[in-house]
Amino acid sequence: MKIDRRSFLGLGLGAAAGVTLSPMPWKLTDDSSIWSQNWPWTPVPNDGEITFEDTICTLCPGNCGISVKKVDGRAIKIEGKKGYPVNDGGICLHGISGLQYLYDPSRVQFPMVKSGDTWKQVSWDEAVALVAGKVKELRQKGMAESLACVSATDKGSVAGLYKRLLTSVGSQNFYTLETMEKSWEMLISRIHGLKAFASFDLANSDYVISFGAGFIEGWGSPVTNFIANSSRKERKAKLVQVEYRLSNTAASADTWLPAKPGTEADLALGICSAIISGNLYNAEFIKNAKDFEAFAKFVNEKYAPELVSRTTGIDASKIKAVASEFAKAKSPLAIAGRGKGESAGSLMEFAAVHALNCLTGNINKAGGFWTVERQDTLTWSSLEMDDSATKSYAKSPIGAVDSLVSGVSGSADAGVFSSVVSAVSNQVVTSASLTKLFEVINASEKSPVELLMVYNANPCFTLHNTKAVKAAVNKIPFVVSFSSYMDDTAQLADVILPSHTFLEMSQDIQSGASLAQNITAFSKPVAGPVFDTKHPGDAVIAIAKAVEGTVASSFPWENYQECLESIIGDSFATLSEEGYIASEFTPPAAPIVVDFSIFAGFKGITPLEGEAKSYPLTLMPIDTIRLASATFASSPFAVKTVEDTVLLENDTVIEINPETADKVGVSDGDYALITTPVGEAKVRVNLFDGIMPDVVAIPEGLGHTISGIGQVLRKDGTALTGKKGATSIITVTGGTSKNIGPLENRYIGGKGVNVNDLIGSVVDPASGLDAAWGIRARISKA
Amino acid sequence: MTQDNHGKAYKFGMVIDLDKCTGCGSCMVACMSENNVPFKEDETNKKDSITWMKVFKLTNGKPFPDTDICYMPRPCMHCGGKGDHGHSPCVSVCPATATDYGYDTGIVSQIYTRCFGCRYCMGACPYHARYFNWWDPKWPDGMEEYLSPSVSPRMRGVVEKCSFCYHRYQAARDRAYHEERRDNIEEGEYQTACTQACPAGAITFGDLNNPEHEVSKLVKPDTHQCGKPRNPKAFRLLERLQTNPKVYYISEREWVRKAGDNYRDGEWEKSK
Amino acid sequence: MDSALIPKGAKRCPFPVFATGIAVVGAVLLWGVYAMGLCWLKGLNQTNMNDYYGFALWIWADLAVIAIGGGAFFTGLLKYVFGIDELKNIINLAVVIGFICYSSALLILAIDIGQPLRGWFIFWHANVHSMLTEVAFCLSLYFSVLTIEFIPLILENRQIDKVPFFHNLSHNMHSVMAVFAATGAFLSCFHQGSLGGVAGVLYGRPFAYREGLLVWPWTFFLFTWSAAAYGPCFTLTVTKLFEGITRKKLVKDNVVHILAKISGWMITTYIIAKIIDTIYWAFVTAPDMGFSLIDFYSNNSFYGIWILFAEIVLGGIVPAVILTVKKYRENNKLLLVAILLGVFGVCLNRWVMVLQVMAVPVMSFDTWALYVPSWQEIATTILPVAYGVILISLAYRYLPVFPQEQELYDAK
Amino acid sequence: MGFSMSELKKKTENSSSDTTEDEESGEQKTGVHCCDKKDKGDSGVGMGVLFFIASFAICFLSGWLLFPSLLYSKKEQPFNFNHALHVAETGGCESCHAFRDDGTFAGVPKNSACIECHESQLGETEDEAIFMTEYVEKGIEVPWHIYSKQPDCVFFSHAAHVTGAKMDCVTCHGHIGESTTMKPYQENRITGYSRDIWGENIWGVKKNSWDRMKMDDCAECHQEETGSKGACFQCHK
């Protein structure tokens, strides 16, 4: 059909005129713009009734009270709980991000068993039966002691259940992570002869000397410390920060004493010396102290401010001034525990710092140092052990270490200290060290641990020398992870029994360090469960029941809830109603004993690994509150707040002084190769005037391995590709899209370098714990 | 729509104590979480990372060990503009009236669905408080469950910025209306998410027109000089540009106060 | 092949050669269209712009093409309003260039916005205080005027002209063209000016901010003036380019010299105004905001003080001198240098007023922001160039763009 | 480019004048004519006019009549709800469409509110039976299509209007309370809006205050009542 051209013109013009005079073009123009305002791929959150539910955040040991805002029962926001003694409405960025942990599609969504490089979904019954079967087998072989468990802490009923399982099976191999809390506990036991943990009444102290403790980088109970720190101005309290680098805490402090890294203990003893020689100490308090004379002589001879000034780089006059201010303060407080206090550190460093507290006598008083006796509020029914269990239980832990004594015996300086061993330190204390455990596994031909359970811990990320740790974990025939996430350790597991997140479960909580009161709290589920996960307590109870025999009868409860009610006892009603019970500390009735004999063998603190000749620099891990560096990896929100001087694209950025940069031949923004005796990494360089020359700072909390796992197969054989069956497409910088597997968290995974790849463990002879606080290193342009 | 704001209207403002701020980032995340701010896999290019509340890190530029740093949280300044008449740098340039000045609140408000993405307002804002949605906002599968219905998620191609959590003001007003108090809102009833979250208590929020409110007490704004602080320790960012922000900073440290604006050689000493 | 369409008596290259040339440029055009499609479909993440650099390469291109397209309104003004009749021999070219430049500018604006489907909000929800609103209105209106000015030229095509209706239409349009030229000049003044105002009103950006008159900052007037001054330079550049490519003389020297002379005096007056403006800004406006001149030109070599020198001396004083002095102006080589420098100068000015504005830090702790455009930005910036080349080639081939062509050819 | 203007001109000059024939055959004939009768007289303008009128009519009418019906999809409500009956029983809108304690408006009531009365079936209507068996018993909320549903970017405070400004529900929602049946819900296929927002009339013309719920309608009333349209955030989120 051929249209005549003039007709065609008529047709076109007619159509144009007809369309123009109809509402079509105008409505379409308007509608297409409205369409762009209502794009179907931009989510529209449902509205509804707003409610708030309170619970406790357990992402870190701070345990803040939180209020979860919900819309028609859907959790949408986390806020700090007003009036809660820990945080009074304040909240850290990780707590706020809690819902990102909850709804994270990269969570382990159901129990899984690894076969080759494929994870297969199994039912909870199958998973429990599998684990219980292995335990039974070990019991039958009389090898119950080869069952081990790692948990971040041994506080609370959930950790208690794991420990109980081990005990009832017949294993002492229950390990917790080595943090400053352990060091303080050991120190209190050694100096004061008490079985107690340390607490610090920062909020009421008017003069704090902190030896590298990052109060505002996440040390102790972070939000409590933020509040205490910011009220300093009104309280006219002073903070002196001893740190080689202008950390946020140092910047916030009234005085910054940039002592060379590793000389903090010297500085502490130097201040002791100045206090003693100036007769500024609390003579009344010290009067009965053991070996005080010896200690005084020792510090005056070896740690006079003038001498210390040379090692630390701090002026003697400054040392004396601080000493005098500290001693004259109403409630002075000296604190040790570097950064977030996530590593044990050198016990002698803690001792040197604590000597300051002992000299002022501000112990167990408001604004001072507190020794808080462990109050076991949980009353467990006695457990049953059959012969096999009893026999196995008699064997000492695989990672057993001797501590405390080694520091004293065989010391050349023993002469000045009393030769009579005091009542408090007359025994070799044996404890179990996780670091040691992995060392033993690596050293043995066949792993002495047959089955490892990992609950609420990520040793393959948080322990020093992760390469060795991973090798050890790989050597263990059967690893069970209870993680909610495909973290660095879960990736190496054989079975994952995914736990609820803290928002999905109830548990009892003992708030710990840096609080001046005892708080027992009760968290309750405020959401979910989003996936087919279980309460970790329920998982253990189920395993125990499946193991049968005395193990099963040691777990008489139907489920965790019943267990919790029974072991908390009378206060359960109050707890579940009020949410928490707080009680002020009460000083112990008996006067506190002080024993200075620990310094008899003092030869400085645990040295760094590596020799100065080939590694001229000191590599120090640095903490920032914006990056989680313990069990939990940072959330997308948290990573978003991280500055580009810490993480740039996928590279860790190290911090050095411009002077160091000149020496090494790198400039700002350059790629550099950092080498330590343990490993090497390619990083980028950031120049910062606030760091001491010859020190290299590297941020903690990066370098989570992105899972190298292959497919995840559902029971029906289909591959798991996200919650709704659709592979989530994430657009990344540069505009390219790529498919993200269900268990890969690319918001933190694969970004940067894990500090612990570069730092090896160094056993502290005084505590037996891993006391590495840095390592020697060199850098070159890459 | 020109009303002057010295009448009964509110003039919401914020005071941030820089000596208390620890740079912890709670305000940033509280803001993201409250306002459905999206995130990408790589957020390290800070020039295209949406952070309504951004914490700048300032240094005094001195060598070790005299170095000092200061963290400066920067929400939208909600500028009153020259003469405090509501002609904020961004509002006056928006060609589609997608952003405007609320004379009853002093808040620079915005319709995301009106914005067509010309980005002129971003060029106009000296504080970099405005952010463009270069990408479609995408949440990992299932994570969109936490999105709040109070703030509409923005689409690709539009500019967004801090709203002083205006929806919280709306919620407070809803309650006030419901309780027949009309729009009589108590100081505590309307607080922004960052103010509420800040663990250091460094942020104070309230009505600058109300002398009873903490913000007024802290900075003592001079109404005759477009709200210039009378507290000598307080300052506003880029005061000399006459943008007249409603966000004030307080610091005891002289170098910090000096960093709040530009001074030619010797000018600062003279201005003191 | 297409000889029937070619203006009578005009010599044009063989059609296959022409088609090949167009195909090559067409390929570049398609590349640009592809990039444009990407920007529309996937959004502006295809560019390397960021929150510091909200305006970038193609906005510069937008401002630059409008500036160099300024020859259209100014030549029209001179011819139709001031009655400089010689210019009728170059006005067609000026109009075609203007049409190309303005349509390109509209296209760039349509790519540049994050929500193209809502682009019409600028008219519907117009904010009269915004310079960009003024830009949009004037730009689209002036584009309509340019289309009207372009139509008679199209109608002069040999074949179309044969249709009595079109012939008469063309004739009638010519006779009322003065009205359109005047309207166009008026609109364009505001349009050029409002583009200048875009940067000048930014009182949060001390580098860009200028005090001014009534509601307009000085840049408003400087932009209009500079477009009028430098636009003819580009018209002449294109003429020279055509003459070079076709190896033919297309416009008589006296026409070129008149336009060059006018341009020269315009540049002279403009650059004086610009120098005064710069001095006032450097010594009064900026210092009031706490800035010394050197603060705007430090830190990196790209935005060094050289850029100010290049803009004022190389792109201003030098062409001004050459074009105003008869001896220099009539020296072909010097003339070429002058008009090229003129085009460079005005483009550099637009660059500075768009890109450097974004780069200079304002907060004392902020940093210089530099950016590298993505290929999509480069492609979409080249797109209008390719489109312009094609359109102007078609126009040259089929329309009597140069009325003196025949006469000059015969004289040869 | 081979096909030049001259050819075009010739064709137009020579095209057929069969204006009396119907369109289709006219076209065909034209095709034939133009090939073999190149030198016939000019009468193509008439044909052009015819085509113009025809295509104008088609486009104009389809724009007015067909387009609106294509633009909106019709959705039936899950079951019929008799507003008049419920208003008579309960006494007013507020008894079901209530405010929450925090001043937010609950909108369409949830099942939990309905079963305060409908503990068991009260009447004998089929609709109630559907409600009871399909929704209450199964514990599913009724997926009502909401005629007045505004897009996500809109913040509307019922408290400010109803409690604060003492406005009547009818002002915006019309006499829905007197209706006994639910009209079908019409959704704009492009925007996803309810047709009631734009208005029943395709031009969006309104006669009553409740005919349309576009932003301009809000702004108009605000301008009248408060002297200002209000800042963006007053109604947008």
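Think of it as A, B, C and D in the order they're written, each chain with its own count starting at 1.
Keep in mind that, in the parts below, contacts are C-beta pairs under 8 Å (C-beta built on N, C-alpha and C of every residue); 3 or more make two chains touch, one makes a residue touch a chain.
From a predicted model like this one, the values you see are computed outputs, not experimental measurements.
Peer 1: Count the C-beta contact pairs for B-D and for A-D, then tell me which is higher.
Peer 2: A-D
Peer 1: Which one of the chains is closest to the middle, using the mean of its C-alpha atoms?
Peer 2: B
Peer 1: Per the centroid of Cα atoms for each chain, what is the distance between subunit C and subunit D, given in Å?
Peer 2: 45
Peer 1: Averaging over Cα atoms per chain, report the distance between subunit B and subunit D in Å.
Peer 2: Averaging C-alpha atoms per chain gives centres 40 Å apart.
Peer 1: I'd like the Å distance between the centres of subunit A and subunit D, where a centre is the mean of that chain's Cα atoms.
Peer 2: Centres of subunit A and subunit D (C-alpha means) sit 57 Å apart.
Peer 1: When the C-alpha atoms of subunit A and subunit C are each averaged to a single point, how far apart are the two points in Å?
Peer 2: Chain centres of subunit A and subunit C, defined by C-alpha means, are spaced 62 Å apart.
Peer 1: Can you list the subunit B residues in contact with two or more other chains?
Peer 2: 45, 48-49, 98, 113-114, 135-136, 152-153, 155-157
Peer 1: Counting only residues that touch at least 2 other chains, which ones in subunit A make the list?
Peer 2: If we look for residues of subunit A contacting two or more partner chains, we find 32, 35-37, 44-45, 47, 731, 735.
Peer 1: Any chance you could list the residues of subunit D touching two or more other chains?
Peer 2: 8, 102, 104, 151-153
Peer 1: State the interface residues of subunit B toward subunit C in the complex, per the touch definition above.
Peer 2: Touch list, subunit B to subunit C: 45, 47-49, 56, 58, 72, 82, 87, 89, 92-98, 114-120, 122-128, 130-136, 155-159, 237-238, 240-243, 258-265, 267.
Peer 1: Can you check the complex and tell me which residues of subunit C touch subunit A?
Peer 2: Going through subunit C, the ones touching subunit A are 42, 45-46, 115, 117-118, 120-121.
Peer 1: For subunit A, which residues count as touching subunit D in their complex?
Peer 2: Interface residues on the subunit A side: 1-19, 21-24, 27-28, 31-32, 34-35, 37-38, 40, 44-45, 47, 49-50.
Peer 1: Can you list the subunit D residues touching subunit B in their complex?
Peer 2: Answer in residue numbers: 99, 101-104, 151-153, 155, 157, 159-160, 163-164, 228-234, 236-237.
Peer 1: Name, in rising order, each residue of subunit B that touches subunit D in their complex.
Peer 2: Touching subunit D: residues 1, 3, 98-105, 107, 109-114, 150-153, 163, 166-167, 170-171, 173-180, 182-183 of subunit B.
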